[in-house]
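After the structure tokens below, expect a handful of questions from me.
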Amino acid sequence: GLPGRPTTTTPTTTPTQRMIIYASLSEMTTADPSTEFSNSVMWLPLVYEPLLWYDPITDKFIPALATNYSSSIDGLVWTFTIRRDAVFHDGTPVTSHAVKLSIERTIALGQGAAFIWDPVESIETPDNYTVVFRLKYPAALDKIAATAYGAYIFSPKVVDYAGASNLTDPKVAEWFNRGNEAGSGPYKMIKWDPENEVVLEKFTDWWGWKLPDYPMKSDNAPDIFKIKIIKDAVTQETLLLSGGVDIAQYVPLENIEQHQRNPNLQVVFKPSFQNLIMLINVKKPPLDNVLVRRAIAHAIPFEDIVTVARSGLARVASGPVPHGMWGHFDNLTFKYNLSLARELLTQAGYPSGINRKLILTYTAGDIYEARTADLIKASLSQIGIEIEIRPLSWEEQWALAQKGWEDPNAAQDLLIFYWWPDVVSPFTYLYNMFHNASKVFNLCYYENPEFNALIEEAVTLEGIDEARALQLYYMAQKILYEDVPAVPLWDMIDLRVARAGIGNLDKAINPAYPTVVFAQVLDVRG
Amino acid sequence: MSELILYLNIIRRNPIYLAGLVIVSLFVVVGLIAPYILTRPGDAWGLTYDINKRLSPPSLEHLFGTDEYGRDLFNRVLLGTRFSLVIGVGVVALSLAIGIPVGLIAGYVGGKAGTALMRVTDMFLAFPPLLLAIALAATFGRGLSNTILALSLSWWPWYSRLIYLQVSSVRNLPYVDAAKVIGISEARIMFRHVLPNSLTPVITQATLDIGSAILEASALSFLGIGVPPPTPEWGLLVSSGWRLISVAWWVSFFPGLAIVITVLGFNLLGDAVKELMDPRLRNLLSMRRV
Amino acid sequence: MRSLLEINELTKYFPVKTGLFGRVVGYVRAVDGVSFKISEGAVFALVGESGSGKTTILRCVLRLTEPTSGEILIEGRNVTQLRGKDLKWFRRNVQAVFQNPYLSLNPRMKVKDLIAEPLKTHTNVSKNEVYRKVAEVLALVGLPEIVANQYPPNLSGGQAQRVAIARALSIEPKLLLLDEPTSALDVSVQAQILNLLVELKEKLGLTYLLVTHDLSVVRYMSDYIAVMYLGKIMEIGTAEEIFSEPKHPYTLALLSSVPELNPQAKKLKKKIILPGEPPSPMNPPSGCRLSNRCPYATKECVTEEPKLTKITETHYVRCLRHEDLSSLITREA
Amino acid sequence: MSEEKLLKVSELTIHYHTVEGIIKAVRNISLEVNVGDSLCIVGESGSGKSTLGLAISLSLPKNAVVVSGSILYKGRDLLKLKTSEVGRYRGKEISMIFQDPATTFNPLFTIGEHLTDILRHHFGMSREEALERAVELLKMVRLPDQARILHAYPHELSGGMLQRAAIAAALSTNPKILIADEPTTMLDVTTQAQILDLINSLKRELNLTLILITHNLGIAGEVCSRTAVMYAGTLLEEGPTEDIILNPLHPYTAKLIKAVPIITKTQGRLSHIPGVLPDLRNPPKGCPFVDRCELATPECSASQPEYFRVGGVRRVACILYGGEHE
Amino acid sequence: MPVPREYVVKRLLLLVFVVIGVLVITFVITRIIPARPEFLWAGPHATEEQLKRARQELHLDEPVHVQLYYYLLDFFRGNWGVSWRTRLPVLNDLLTALPATLELVIVAFLLASLIGIPLGIYSALRYGRIADQIIRVLTILGASVPVFWIALIFQTAIGIWAGVLPAGKRVDDYLAYITGFKPITGFYILDSIIQGNLPVFIDVLRHIIMPAFVLSIYPLSLSSRMSRSLMIEVLNENHVRSLEVWGVPQKTILFKYALRNVIVPVIASLGLSFGYTLVGAFMVELIFVWPGLGYYAGMSLLSYDYPAIIGVVILVALFYSLINLVVDLIHAWLDPRVRF
């Protein structure tokens, strides 16, 4: 079919099948396993397999297409043994050549998460079931081979299906994006209607079903797994309660406690590296005065915000790097103290408050930002700072904020927005929002050469001297704490709510693969 | 004047109409004094909150319960009256300010300019009600004055057309001819003879439209393109209570009820006025079964 | 006596347009080559049934409608070309009273302001003077002073028509055009207004152009009469001539269509009832415009358009068979 | 005697309930109509003529209340009919036509549709029979080109044609009594003459009993043998038309006649009636004309004058004629 | 009554005028009101490069009339821009969503007229009595209730608390799957009939009834109030009185004659209430997860997806004009007086 048109295959199943509907918040657009770097992650790990799976909670690897692997002592040579009974959905056996071709295509296309393979110098296939990676510099290739994006293996026959000359021919990508797949995973995709739903059907020839003790499977896995796009938490909840969906990616957080008590429902929590930050326009008076900024930071009721905006499902931020991530430090939280804030304002020369309304923008439509903004407004009014809240579309907000580099007075005063990592490193947080070379997202217009130098050095040391890098990152964050170009607000806790009858939900969720529900481990009866 | 007394008398005798009049009067009065009778002004304006009281159900202390910030909803709904009044009156007044001159010029001066003005009016009328307001509000961005502007820009053509029709019929009445024969200037005819006699139905309609304007503004707020939070505008209150409906039905219920009652009041009164303006229906009003 | 108003070959065609593209598909010949003169102090009546073009002539004279062609002269000045000061003079000297008094008075103005309006427009007397004058005019038309502070909808039909007359007369015009001034009123009220009009004419030396379809009103008021049918004058003459020696079958039909009050007179009179409906003024019948309804029409009447023929110095008729008419009627009787 | 009376209205009083108050539109009116009679009801606007006509034809508006009196038709009181019986009289025995021909017919239906519905209901005719009969009826009212008119919508016909069609519709059921409420007021002079002529000849041809309502005394003279004069809801006098016109008894009638300009002779001044009609919500207790009458005595305003018989065939409600009690 | 061809042509020409009017106004909204239209067009996280391309695509450096020319050209070529949210051509998205909305709106509309008109007429016939008063108050109430609020209440009370009807979506996915139901036309009622799929047919009806009813409340009230006042008016018309005095039975007068006088103008104004219903569907679809234009519009509004919003506005306005045309032609066909 054409993009945008649903392509449907007639199901060849009997009516006794078990179906699970998973409500997704966001629609999908692309479906190429080599380049996908977006929402299709919801189903890619069900249809395709990498060499290994990684469980960050136990810090263990689970075999996927590779049954085992080893590495040289210098960490430069990695050897993987490929499973002998694995076949792709098109019937082609999975071999070392398919692995090599798949990863080489990802590298060659260089899109999406291709950068993960940067250490790889060459891939060799001594026999049909052995793959050898040679690296340019030491790296943890097992983690790389287990990432959520860019590590999937597909049937080399896609070249023929797409009528292409080779794997990097754009025709292959087109073929994928039309809703075709060529994976080896426990599910086949039978419907691709990326704005509304994606339907997966159990792949009966999957090797995993036959292994009695394999941890990533269940004997009662659903026959049909449908990902339904429902862009709104309330609706997801409504449908969950009325039986329209089985698992909700999101529901209004206020209701979580109630759902936890509801015998028909189950709630599963998981950590997240997404956080909310308020950037301050440091060049617009009176915010150019660090005392005023500090006063603001101390007048923000962090605990209340977490309670109201996230119903407690977040942690008060301590520095821009979120909890649980390497580079996070626990002593960078501002204390909520209104008298201190008033004192700071007085010191700054504003004993009776600021005589101008500060403009605070956030992205319209996001209830958590909205409530956060609301409480900030309420609280700052206590110290004599009036806030005008302006919910804007992201592009308007960003367009407005961009003006700040030329004319700080034309831009907003305060801006709140989310940050989440592309590469899991403190550097993405610190560089993007606070380095003055990052005009795109440094929307506090903060310029501090000392800070710049610290993080520039830290990032180069990350792979060599972790301790030193950590120290530099700490110093950089300390500077931010003193200068207050921004007030980190909270770090998110993520969750899933589902029908009670669905077993193994906690096992099916893995923070390393955000938003994914591994359907093959679900236990669905009746 | 005696007409007015007559009308009021009729309304007084009909409980449905009386209800309309009472609701509308109450709405206007509350709208005017709301900011001064709040028991928790901080909650109403969104400047205070109380985490410990989040989502408490209606009680004597909090008649309408509290919202997710622990703010007293009764106070917020009460203050919302003020915003609804401002929006309703603002939209109608602005629409009249555009619609009347356009309709008057098109209907009285006529000619090419008049035709052109009416064509423009027709173009605006090609949009279903509210749709154009949605497009405009999305362009202007959120805000009280933007909401009023967006609604007015989609609303004025209705008045313009009404005035146009009225003026086109009045300008052919013999008293306009009589004025011309006497030699009165065109401008004076337009403002002294035509306009006053064309205005009554429009003004009446406009007054009663305040209710509809409130309804439309609340729809914009619900769609997330009306007034921004924490304004206690009723539609916005309903919208922010939407996601809470299964834990705290009261958060969206009471503001919604406020909209219903207010608009109902205007509609009841509108019905009364319509019947009063129509002499035939007026006779039927006091009809006895024979 | 010199003529105050003179109309020469006045013609007014209204274009008829289709809704689509506004294409002109024809013309309503509302007034088609009408000429007459009114001398000062006379009462000239236009009679004829609905749609015959009476009001259109009046509106042309009042400059409310632009004539298609022809001349309208007031004291020798061409009305259609008046500008500025002359126009002001014209407006002051030519006034009108319309059929429905309620519709010809702005319902939202007090009577005194309505009457003051022409005074303020045409004279520059002081405010006090204006209202003194208003009281004077009200007295002239026989209205009590309290009426001055009332609004037209609260007046009776007769009172309202008096106000309209007072308004027209407040600036002392020379010519008063009356478009069916009593047809909206009850008989007893009609009598009041007719009496008043006659009275005022004598008192103020006015000239009237009266438009009506009620021949008994014409009989009561007028000196000269023009009988119109489908935009043309069929017969014109002094009242005496038209009533006692009608020469046109249409005039006869009109006369006999007036319900006769006196039962004895009724028995004596021969009635002519025109059959059929008046044709559409967009395509009037060929030849004589009455030819399709005239009981005496011949073939000639259908093909040949009759001209106004002089019978006496003042009496003209547009009929090919006017000479035979009296014999035709008697023969039938 | 009373058997011969086709219609006998006695002491009828009708009020309208309105927001502005109760309008006493018809007060204490008594009338008799014999078979073959033609009675004219004359009066100025608002005198209650139409109300009386509607009451007789059983079609009073919903806000009208018959306060007292009776309308005996062939001895049966029409005001006491059960709802199910009304259909036997309405249209069938008493039919009516109205002032404004343009609104008499439903604009969305052809003339033929109206006519056939009446015929099919009253005579149980088939569609074809009804259409045939409708053509005959249109011929009867001298309408040319009947087939076209049957298929025409009301807005496609002129006022005169519509009034003829209305007469055809009213007469289609062979009613005994036809009430015509100002049938020519909205028409042109020449058309008015045509319609009056038509009514006159139909009256003769069909031996109709006619009640003609008009404000034009001249029309009364043209059409009707008897005339009743109404004023402010009451009946002032009644008698042969000719007598009333030549020798009016009631001061109001006399003044009214003098106020009409006469076409056959030039006059000096018209007589006119000073003053205005009384307010019908609150009419004078005595003679309704008392305020405008030059001959009024205090007695006149005391109570409503009774009818006095004059010369056997005439009745008048004026104390000037006291003595000859009815 | 055949409607004269010239009338049809005239109405069609008027439609063309209206379409151009709609486009001119939307042009003004997208190009002239925003200070920097390219920002609205290029979308989230646009780079300098993309902004530049947007300026070129929108011809922003050319005079306004040239921009308008290209705007119209793009519209007629079906190039309605690309949605930021779905990254698909807007027209594509709209046409996919259209059947769902039409199905919902048509059912709502049928409910509105089939219940509303008889209700109004009944009310008129019981003028001033208890039944009339109750119907009046209810219909006035119906016209006063915000559709989103009543939708929430219905959904919560009936869909969640009572659980009698599904709280959202068009069909039960599982049922559709096991019975092999496939959308063909996109109108599920029709599709289930075509496929003879009774369980899905019933399920589709169960899904549509609540949102359709909620959506119909406003037009239902409107048509009921309108038919009531029209009926009262008509019953006071002279022509009703004349049929009465000519002895035509009440039943015929009411249900043949007067009824048409009521229905014809009600039809003439149905276009307007269709417009209300279409826009009301925005909120109802959003709440009931009905994947139609309204849901699409709601989602686009939430994410300020500008090309999509404008696309919806244009499509709905055009659809509304088309409905008005059809209604006008039906009106002209029913009412012999409506010509030119």
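Each chain gets a letter, A, B, C, D and E, in the order it is written, and its residues are counted from 1.
Quick note on the criterion: a residue touches a chain if its C-beta (ideal position, glycine included) is under 8 Å from a C-beta of that chain, and two chains touch if they have at least 3 such contacts.
In this text, all values refer to a predicted model and were calculated from it rather than measured experimentally.
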Joint neighbours (subunit A and subunit D) are B, E
Moving step by step through touching chains, the smallest count that connects subunit A to subunit B is 1
In terms of CA centroids, furthest away from subunit C sits chain A
If chain centres are mean C-alpha positions, then the most distant from subunit D is chain A
Whole-angstrom distance, CA centroid of subunit C to CA centroid of subunit E, is 55
Between subunit B and subunit D, the Cα-mean centres are separated in Å by 50
Cα centroid separation, subunit A vs subunit C, in Å, comes to 91
Here the gap between subunit A and subunit E, centre to centre from mean Cα coordinates and rounded to Å, is 39
Where subunit D touches two or more other chains at once, the residues are 61
Subunit A touches at least 2 other chains through residues 238, 241, 364-365, 392, 396
In subunit E, the residues touching two or more other chains are 40, 160, 236, 286-287, 302, 304, 306
The residues of subunit D that touch subunit C in their complex are 44-45, 144, 158, 160-161, 188-194, 196-197, 215-219, 221-222, 241-242, 245-246, 255-257, 259-264, 266-267, 269-273, 276
Touching subunit B in the complex, subunit D uses residues 16-20, 60-66
Touching subunit D in the complex, subunit C uses residues 49-50, 156, 158, 186-192, 194-195, 198, 213-217, 219-220, 239, 243, 253-263, 265-266, 271, 273-278
Within the complex, subunit E is touched by subunit D residues 57-59, 61, 87, 90-92, 94-98, 100, 103-109, 114, 117-118, 121-122, 153, 155-156, 166, 169-170, 172-173
In the complex, subunit B touches subunit D at residues 6, 10, 282-288, 290
